[in-house]
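Structures incoming, each one as C-alpha cells.
In what follows, chain A forms one complex with chain B and a second complex with chain C.
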Partner chain A sequence: MSFEAKINAGSFKDSIESISRLVDEIKLNINQEGISSVSADPANVAMVMFKLKKEGFEEFHVDEEMTIGFDLNRLEDILSVASMGDEIEMQSEEGNQLSIKVSGFDYKISLLDPSTIQQEPKVPDLDLPARIVLEGNKIRKAVRASEKVSDYLVFSTKDDKFIITAEGDNDSVKMELDESQLINIETSEDVRSIFSLDYLADMSKSIKKASETKIRLGTDYPVKINFNIVDENGEVEYLLAPRIESESTTSP
Partner chain B sequence: MNMKKVVNIENPLNEKTDELIKKSLRKNRVIEIFGKCVIEYEGRASSHLGLGDRLILLKPDGTLLVHTKNQREPVNWQPPGSRHYCKTKDQKLVVISKRKSPEEKLVIEFFDVFSISSLDLVDEEELELNRSEEEMGDLLVEKPWIIEKGFSVIKREKETELGYIDLFGEDDRGNKVIIELKRKRISLSAVSQLKRYYDSLKNKYTNLRGLIVGPSVSEKSKNLLNEHGLEFVKLKPEACELGTDLTEYIDN
Partner chain C sequence: MGTEIGDLLEKQEIEFEGLHGKKIAIDAYNTLYQFLSIIRQPNGTPLKDSKGRTTSHFSGLFYRTINLFEKGLEPIFVFDGKPPELKNKTLKERKNTRKTAKKEWKEAKQKGKDKEAYKKAIRSSKLNKEMVENSKQLLDYMGVPYVQAPSEGEAQAAHMVKEEDSYAVGSQDFDSLLFGSPYLIKNLTITGKRKLPGKDRYVEVNLERFNLEKSLNKLEITKEQLIEIAILIGTDYNEGIKGIGPKTALKKIKEHQNIDTVLAEIDESIDNVKEIKQIFLNPKISEEYEIEWNEPKNSEMKKFLCDERDFSENRVNKGIKRLEKSISDIRNQATLDSF
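Entry: the complex of A and B
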C-alpha cells in the first residue's frame, strides 16, 4: 500500500486549513481519483466534506485505496515553514508513517491509526429551498460585522434578496444583498435560519478566499456552504446545524 | 432541584443540619450557623474556646469565620483553601475545617444549633462562569465522545477530600478519568488544581487519567500539563448553547 504525491504548498495549506477550522484529526481517504475526507466537529454541530482531485497535484500516485489518519495540528506546524510557491513531496508506504519534504526540510511523522479517529459521520440529505451564490468575501465581511454585535447571526431570504442580520443586547447590524450584489439567487420560498458565529467565524476564513460560494438555506435547517479551492480541483462543503429559537432563554 | 436563595431552619434537627451543610457545600453556597459550641484549634499553636454562643460563617472557597457577640475580628478563622467537613458525633453536630501548609485543624462541636442558613450569594460574573461550566458538563454527559471515542461519564460533581471534581468517567480501556471543566483559557492555576485532585486520587485508581476541558490552553499551561502527565481537550463553551446538531437531520 503506498502513496506518493507532489503538490504546491499553498494549495495544500488551503486544503488542510479548510478542514482544521473544525477538527484536529481526520481520516483521509486516498484513491485513484484523489483524496477526500468527511468529518464532523466533536459536538456534531458542523461538518466538513473535502475533496481534492488528483489534477490538483503536480504528481499523484497511489497503488491501492488507503485511509490514513492525520493530526492536522502537526501537519499545519510542518506546513508553516513553507512559502506559498514551494513544492511539497509526500510519501507513505504502509500508512503508519508519512515522509514530507518541504523547503529543504525532511520530515517523518507518525500517522494516526484511523480506527482511533471519530467515525466518519453520516451526512444528512437535505433539500434546501434557497440557493444563493455570492463572493466568499461578502460572507466574511458579514460574519465580522455580526461578531461585533452578537454571538449568532440570521441568514434569511425575502423575495430575491439575501439578508444577514445580527442582534445583540443593544446593537444590531443588517446586510441586505439584492440580485445586483449577488452572483445568483433562486428561492421557492422565503427562508430563515439562525447560526452560531463561533463556527461561522472559523469557516469564513476559508470561505473568503473563494470567488464564488454557494449557500443552500432553509428555515430552521442546517446551512450548506460550498466552494472550490485549488482552482476547480478541490471542493469544500461545510454543513452547520442551526440554532433554534426557544421561548424561554433563561433557566429558573 | 434548585435551592431557594435563602434556606433557613430554626432549631434544626442534627440530620437536617448535616444534610443542609453538605448540600450547600456542593452547591457553592454560604452557610451561617448560630449555635452554642466549643471550639478546638490545633496548628501552629493550639487553643480551646469554651462553651458559648457563636456565629459561624462557612464560605465555598474554604474561608471559615467564628464570631462572638463583641469585637470586629473573628475569634477563630481559617483562610480560603481550607476544607470544611461536617459530621454528627454523640448526637452533636461537629464542623471541621482543615488545611495543609501549615497544617491546621479547627473543630467546632455544637451543643445546640439555634439556626442555620444556607445562602446563595451571587456575583453576575461568577454566575456566567458557573452556568457555562454546568452547560459544558451537560453537553459532555449528552455527548461523551467529545472527550474521546469510547469515553463514558460515571459521575458529575464527584466528591473528594479536596472538593468536587466536575466529571468522573472511564475510558474505553477501563481507566478512570477525572475531568475539570473551564469556561476560560486554561491557566497555570487551573492545571495545578487538576494536579492536586489527581494526586489525591491516583493511589485509589490504577492508571488514573486527569483531563482539563476548555476553549484554549496557553503554551505554559500545556507544558505544565505535559510535565504532570495530564491532558487537555478543547471545547468552546459556545458549543454548548447550540441546541441542535446535525445528527438530528439524518433520516434513519
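Entry: the complex of A and C
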C-alpha cells in the first residue's frame, strides 16, 4: 500500500480548510480516481462531503485503495509555512505515517488510526424544492451582515427572489436578490428555513472563494451548499440542519 | 465513596461537542457534594447568605448547570432515596469523618492555617434534607427535570440510561456501571483547570467516558464478575479484603471464576455477599418516573437566589439570559440524523 502525490500548496490549503471549518479529524479515502471524505461535526448538525479528482494534482499515484486518518489542525500547521505558489509532495507507505515535503522542509507526521475517528455519517436523502445559484461572495456578505444583529439567519424564496433575513432583539437586516443578481433560481414553491450563524460563518469563509455556489433549500429542512474548488477538479458539499422554531419560543 | 474500580475500566477522554443534544442522568447527591466541597473560600468557608446559610450548592447548581446547557447537553438530576440497610455502616463512618473534619477545620481556621483549613473543610461538607429540598425547588424554577429514586440514585440513573431516556450517567463514582449503565461520564461539572486537593498544583481535568461493554470485553469478565471484583475491593455495602486492590481482585476472579471460590482460597469472608450482589444486579428502582422539560421561571429564580439568598442580581440576570439562550439553542437546533 503506497500513496504519492504532488499538488499546489494553495489548492491543498483550500481543500483542507473547507473541511477543517467543521471537523478536526477525518478519514480520507484514496483511490485511483482521487481523494474523498465524508464527515460530520461532532454534534451532527453539519456535514461536509469533499472530493478532489486526481486531475487536481500535478502527480498522483496510488497502488491500491486506502483510507488514512488525519488530524487537520496538524496539517494546517504544516501548510502555514508554505506560500501559495509552492508545491507540496506527499508520500505514505502502509498508511501510518505521512511525509510531506514543503518549501524545503521535510515533515513526517504520524497518521491516526482510522478506526478511532468518528464513523462516516449517514448522508440524508433530501428532496429540496428550491435551487439557487449565486456568487459565493454574496453569501459571505449576507452572513457577515446577519452576524451583526443575530445568531441566526433565515434563507427563503418568494416568487423567484432569494431572501436572506436576520432579526435580533432590536435590529434586523434583510437582503433581497432577484434574478438579475443571481446566476440562476428555480423554485417549485416558496421555502423558508432558519440556520445557525455559528456554522454558516465558518462555512462561508470557504464558500466566498467560489465564483458559483449552488444552494438547495426547503422549508424547515437542511440546506445543501455545493461549490467547486481547485478549478473544476474538486467539489465541496456542505449540509446544515435547520433550527426549528418551537411554539414556546419567539421567532428570531 | 463508591468503588475503586476505575483503573480497570475502559475510558476515553472526550469533548463536550460529542455530547451535544444528549440527555445525561446526573447523580444529584454526588454533584451537590462536589459543589459543597469545592465552592469555598481559600480558608474553607463556604458561600453564605446574610442569614449564615450555606449557598455553595445553589451557586453550583445554577451556574454550572447553565454551563452544561451552553455546552449543548441536557441534564436530568436523579436524587437518592432511602439507602439500602447494608449502607448504614458506611453512612455512619462518613458522618464521623465529617464531624472530625469539621472540628479540625475550625481549629485550623482559628489558627489562621488556611491551607490546612481548606483541606479539612472540603471533607466536612454535609448535605441536609432542607438543602436537598431547596435544590429541587431551584431546579424546578430553572426548568430542569429531576427524578426521585426510591433507593440509590445511581441505580435509578443507570436504569434511565438502559431505558434510553438518557445517554449516560454523570457521576464521579463508578457504581452506576455496576448497576448496569452502558456509559458513565466523569468530570461533567468540574472540567478545566482544577487545584489538586491539598497541593498547590493545578491539573487539567477533562471529560471522561467509561464504557461498560468495552470494559467487560477488555477484561474478559462478565458484569457479575465485575461486581464481585468490586465487593472484594470494598463497596458502600461492605469493607473489602485488606491487601486486595483492583488488580489483584481481577486476577483472582479470573483465576477462580467467582467470589466464593476466591474467598475460600484466601481463607477470608465477607458478610452478605449474596445480598450485596443483589443490590447491584436487581436494585430498587422506579419505572414510574416522568422527565418533564419546562420553561424557566425567571421571577421565581430571582426571588429564590437574589431576594432570599443574597445572590448578585446582575449576575443572576446574566445567568438567566444564558440559560434561556442555551436551552433554545439545544431544543431548536435540528440534527442531520432526523432527516
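Throughout what follows, the second predicted complex is superposed on the first by the 249 of 252 C-alpha atoms of A that agree within 3 Å, B and C clash if a C-alpha of one lies under 4 Å from a C-alpha of the other, contacts with A are read in each partner's own complex, and residues count from 1 in each chain.
Here is the rule we use: a contact is a pair of C-beta atoms (placed from the backbone, for glycine too) under 8 Å apart; a residue touches a chain by one contact, two chains touch by 3 or more.
The structure presented is a predicted model; accordingly, all values stated were derived computationally and were not measured.
Enquirer: With the two complexes overlaid on their shared chain, look at chain A and say whether chain B and chain C clash or fit.
Expert: Clash: chain B and chain C overlap once superposed on chain A.
Enquirer: Given the touch rule stated above, what does A:N44 touch, chain B (first), chain C (second), both, or neither?
Expert: Once the two structures are laid over each other on A, A:N44 reaches both partners.
Enquirer: For A:S211 in the superposed arrangement: first (chain B), second (chain C), both or neither?
Expert: The answer is neither, since A:S211 touches no partner chain.
Enquirer: Once the shared chain is lined up, is A:S2 touching chain B (first), chain C (second), both, or neither of them?
Expert: After superposing on A, A:S2 lies clear of both chain B and chain C.
Enquirer: With the two complexes superposed on chain A, say which partner A:S110 touches: chain B (first), chain C (second), both, or neither.
Expert: In the superposition, A:S110 contacts neither chain B nor chain C.
Enquirer: In the superposed arrangement, which partner chain does A:N184 touch: chain B (first), chain C (second), both, or neither?
Expert: neither
Enquirer: Name the stretch of chain C, from among 79-87, 151-159 or 169-177, that runs into chain B once the two structures are superposed.
Expert: Residues of chain C that run into chain B: 169-177.
Enquirer: Once the complexes are superposed, what residues of chain A are shared between the chain B interface and the chain C interface?
Expert: In chain A, positions 40-47, 121-122, 124, 126, 151, 196, 221-222, 239, 241-244, 246 sit in both the chain B and chain C interfaces.
Enquirer: Okay, in this complex, where on chain C does chain A touch?
Expert: Per the stated touch rule, the residues are 15, 17-18, 20-21, 72, 295, 325, 328-329, 331-339.
Enquirer: With touch defined as at the start, can you tell me which chain A residues reach chain C in the complex?
Expert: Counting only chain A, the residues touching chain C are 40-47, 121-122, 124, 126, 151, 196, 220-222, 239, 241-246, 248-249.
Enquirer: Given the complex with chain A, which residues does chain B contribute to the contact?
Expert: It is residues 2, 131, 139, 143, 145-146, 149, 234-236, 238-251 of chain B that touch chain A.
Enquirer: Please give the residue numbers of chain A that touch chain B in the complex, ascending.
Expert: Against chain B, the touching part of chain A is residues 24, 40-47, 116-118, 121-122, 124-126, 151, 196, 198, 221-222, 239, 241-244, 246, 251-252.
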